[in-house]
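Below, each structure is written out as structure tokens.
You will see two complexes here that share subunit A, one where it goes with subunit B and one where it goes with subunit C.
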Partner chain A sequence: MAATNLTLPLDVNDPSREPRSSAARIGAISLAAFALPGLMITSAQAEAAPEDGVISLKYQTYRDSQPGLDRIRVNAPALHVFAPIAGSWSVEASTVQDNISGASPRWHTSISGASKMEDRRTAADVKLTKYFERASVGMRFAYSDEHDYRSNAVALDGRFSSADNNTTWFAGISTSRDTINPVNGIVENEHKNVSEFMVGVTQAWTKNDLLQFNLTYVRGNGYFNDPYKLVDQRPREKNQTTAMLRWNHFVESNSTTIRSSYRYYSDSFGVRAHTLSGEWVIPVAERFSITPSARYYSQRAASFYFDPVYDPVIGEPYPVGAPKFYSADTRLSSYGGITVGGKIEWRYDKNWSFDVKYERYEQRSSWRLDGGGSPGLAPFRAQFAQIGVSRRF
Partner chain B sequence: MSLGAALVADPMKTEIAEQFAAMASPCEIRVLGVAPEAAHAAIALAIAEVRRIEHKYSRYRADSVISQINAAAGSSHPIAVDSETQQLIEFAAQLFEASDGLFDCTSGVLRRVWDFRSHRSPEQGAIDALLPLVGWQQVQWDGERIALTRQGMELDFGGFGKEYAVDRAAAILASTGIAHALVNLGGDVRVIGSRTDGEPWQIGIRDPRPPGSAPDQCFAKIPVQHGAIATSGDYERFIEVDGKRYCHVLNPRTGWPVSSWRSVSVVGTLCVQAGALSTIAMLKGEGAQAFLDAEGVSYLLCDSRGEVFRTGT
Partner chain C sequence: MKRLSIHLLWLSTVALTLSGCAMQPPQAWEKGNLARKEMTMDADPLDQAFTQHVYFSKESASGGSGVGGGGCGCN
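Let's look at the complex of A and B:
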């Protein structure tokens, strides 16, 4: 028999979601099963979609955290906006198999003791965690390979929770070694070594408020240039500090959720950045939810950034004089950026849901916090629209 | 990009999985979206519940409720049972009614002659000798007390006990506030919520005739956003007679195993529901599809020739 992925037109009779009229479709055996006590999960959180306010309150919005430090450093504003969207729109997810149903399956990923495989979705990414009563220690090895970029990494983290589980402390270190072989051959076998240190605390402040604070220090040396830019010479050392505060608040009176965060970023290139973001998840009706969101970003230029002025004679902008380091990468300039957007989710029926997401990003020099942005840069705008269809079973 | 940033992951993306053995099966519980310590505490509670049910209803434990009932068979002294057991016996009674007698929790006695390791079928005479001990209609059940009227009769929760444990374990996890989890006891699965990224859980269905090189190969994958999935099949415990494979699901009327379907997977709200329906569908033979359609559940069937049927076909 060929191994195929059959997608079933599943039609689960769930009395807690179904209107009464469809009860006629539920067979006698199903009804008998539903009558067994203590098996139904009646809490709203188990039934709600994960983007719904109730669940998101309890668990952090990982969207905000998804643009990792490195990503921001390398691909500032535009991807700052896009990356989270791409992350939540994961196509590969459908190819992953989480578990197996069948009579008496045999385990082929069994690991003894308290160890575990994490992230089965990435083959070369293994995490082993040892758990204690209120604490855990984890170690992770990762390997990734692209045609022009290879990375090996190892990380160690530890967590500790208070006796009442309302507070969780976190500390982690990681180190990675990357090998860069750009296709244009401008450099060969360049390396970048990055070490990262992170501490954090998550506090359930009230039953409706979750606070999280993270402090990250990243130390890197090696090749930071953009190999695909002609005039680009950056220091071979880069240290970054990031502080982030998140606050998720569930408004009981109207069942909406407000997610907000502030992030401060500073690096040895001289870049300083502030990010303030918020979104408001509003369930409008049983089947509708609207989530307006906004984000403000402000950045001071790197110390070796030079204002690009195209010379009619030499063409490509060159830095004045003979500085040691120079780059005209707009992502290292001074500017401010605003993203506004929203998402509408419509659950058509129990199987189908649709969501429409629109975001508009605009970046201008003058929008920097103190107004003194880099000159000579045209405002940068980006729009992002997404239509999603999903099926529920 | 450097993996350094990604490595120190958001605590809320952590996935905790624990494997254990219970009910003669490999089991796994996975929890997403809570701190590892909270996940482990909840999983410990869920496993404790599985063990409680296993001890209470195991045929193999002399001190189990089932063993007490079976030991009293033929003595005409009804055994009073606690309310949980009452509910489960009542469920078994309803399954018998609704399946026209195909699902019979007294048919386990037939296992005395069917040795699914021997690959030999028993003498017809041996089967005939046991058939009088099979039959729910011979059980006295008043809703509180039960009596097996013939000596040698056996009650067996094998058809739904493991599934009941799956649902109970899931309910325990949910009661601790966990909103994304999966419970798998030997292939009977119940999920709580989706994965934390909103994607459904992808449940592979084991190929009943996998190639020798890949004994765990799956022939289908069913996305499950919430609810349960159970699969009955002739996977490992079976007998082949004259080239025909018989699974461990025994027809209570003939005393013979069924052979129409290689595997029957049912997706339902509860695991007890999916498990009972998949077993009854096996017993229904040709009528399985019509039966499952009438019950209003989704299914995936693989027949004895390897042809696949699913909901709506």
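Let's look at the complex of A and C:
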């Protein structure tokens, strides 16, 4: 993720940004992100050596359903710590435990919707960053473990800012190795190896606009099948290209902030996807803010996805003919998805803050961008909520 | 042809939006608004991690804002 340094004046007129010390308000603040598929950790951190640390705790829940059937529930406590160390270093770490229960997906899976399942995923990551005058270099290790799936990843990234701190360039690489041992024994000790390459730039466009553009290329090989799907044979190579544009705009007239993004995604499976999202941060009192949000997602089906047709005699669906690759995984179908939600944040004082967030998500084949979604799929709905507390130190 | 039209539509939207707001990089004393927490790209790491993990498990597209997470059995 690209980052931009922004030199702060002393008299920032924002009660929510009470200075810990006058010196702490001077210097560079950088906006950096580090989003991880799988763990998906992101972070905002100082490009110049940070002076403040923060510890955050959240309890997150997820529940999805299809008409007439509740499916998966996930309860996930998560912890994140960011701390400056030794003057020009920082360490960042997080951990999450997903406690999963319920019925697995009803359609296109070898474990029927009536089956009960439970699982637990434990994930953790740690990142060490070294700061220089206008640059930083970070190394990260990530780990995720389930009873049938284990992943280890390592990443290296670097950031460099222009002399006026209005532009920051980013480059990052990573590699991961996953080991898959499904409980049905269909394969043993299968592996998936993924390498990621990313470049980005963040630009302070005006005094109220921050733009970021990232390009990512991901190269993967190994086992991409879903071992719990009845008929699922995918290529052993998957390459992905992603372009993402993010735009944050501060509205001076009412002190609100609009955050928006657009992402284009393309992969060698034939999937093409568009993602458009927006958030509107509205201060409603000195220390309260509400943030309504919306997201639209649309994807084209993978080239080997087939529309399942259930026959009362034959039963489970199979692809027509004898294709080399085939899958009826609905996540590879054509559909659109819409998320709406909102977040409330309360800054109790200069150190403590609390937040609550709730979102509703729904997928429908008819919501695909240009229509023409995959037929025969039931609408899929999910709700996710979070409650959290953070403390600076 | 339809796909090309969609891509051109997106690009046009972005280009038109940006063209209406020519780049005027701020001076050092003009960065107070940009430095607000709500203007950061990822102000809440755990929120981002959780939300993107959900989408990673339910959609084909993923990533775009960082590298190095590794995988999980959810997708």
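Methods note: the second predicted complex is superposed on the first by the 222 of 393 C-alpha atoms of A that agree within 3 Å, B and C clash if a C-alpha of one lies under 4 Å from a C-alpha of the other, contacts with A are read in each partner's own complex, and residues count from 1 in each chain.
Simple rule for what comes next: a contact is a pair of C-beta atoms (placed from the backbone, for glycine too) under 8 Å apart; a residue touches a chain by one contact, two chains touch by 3 or more.
Bear in mind that the values here come from a model prediction, so they are computed numbers and not experimental data.
When the two structures are aligned on the shared chain, A:Glu196 is found in touch with subunit B and with subunit C.
In the superposition on chain A, A:Gln233 makes contact with neither subunit B nor subunit C. Looking at the shared chain after the overlay, A:Thr216 reaches both subunit B and subunit C.
In the superposed model, A:Ser268 makes contact with neither subunit B nor subunit C. By the document's definition of touching, of the two partners only subunit B reaches A:Arg134; subunit C does not.
After overlaying the two complexes on the shared chain, residue contacts for A:Ser176 are found with subunit B and with subunit C alike. Touch criterion met: A:Ser144 reaches subunit B and subunit C at once. Overlaid on A, the two complexes show subunit B and subunit C touching the same residues of subunit A, namely 1, 4, 6-9, 11-14, 29, 32-41, 43, 58, 60, 62, 94, 96, 140, 142, 144, 149, 151, 153-155, 157, 165, 172-174, 176, 178, 192, 194, 196, 198, 202, 216, 218.
Residue ranges on subunit A touching subunit B, taken from their complex, read 1-15, 25-30, 32-41, 43, 45-51, 55, 58-60, 62, 65, 68-71, 74, 88, 90, 93-94, 96-108, 110-111, 114, 116-119, 129, 131, 133-136, 140, 142, 144, 149, 151, 153-155, 157, 159, 161, 165, 168, 170, 172-176, 178, 192, 194-196, 198, 200, 202, 216, 218, 220, 390-393.
Residue ranges on subunit A touching subunit C, taken from their complex, read 1, 4, 6-9, 11-14, 16-17, 29, 31-44, 56, 58, 60, 62, 64, 76, 78, 80, 82, 94, 96, 121, 123, 125, 140, 142-144, 146, 148-149, 151-155, 157, 164-167, 172-174, 176, 178, 180, 192, 194, 196-198, 202-212, 214, 216, 218, 240, 242-248, 250, 252, 257, 259, 262-265, 267, 269, 271-275, 281, 289, 297, 299, 302, 331-332, 337, 343, 355, 357, 359, 361, 363, 369-370, 380, 382, 384, 386, 388.
Those residues of subunit C that touch subunit A in the shared complex are 2-3, 6-7, 10, 14, 17-18, 21, 23-26, 28-56, 58-75.
For subunit B in complex with subunit A, the touching residues are 1-8, 10-19, 25-26, 28, 30, 33-38, 40, 84, 87-88, 91, 94-95, 97-99, 164, 167-168, 170-171, 174-175, 177, 179-180, 182, 184, 186-189, 192-209, 215-227, 229-237, 263, 265, 267-270, 272-273, 276-277, 280, 294-300, 302, 306, 308, 310-312.
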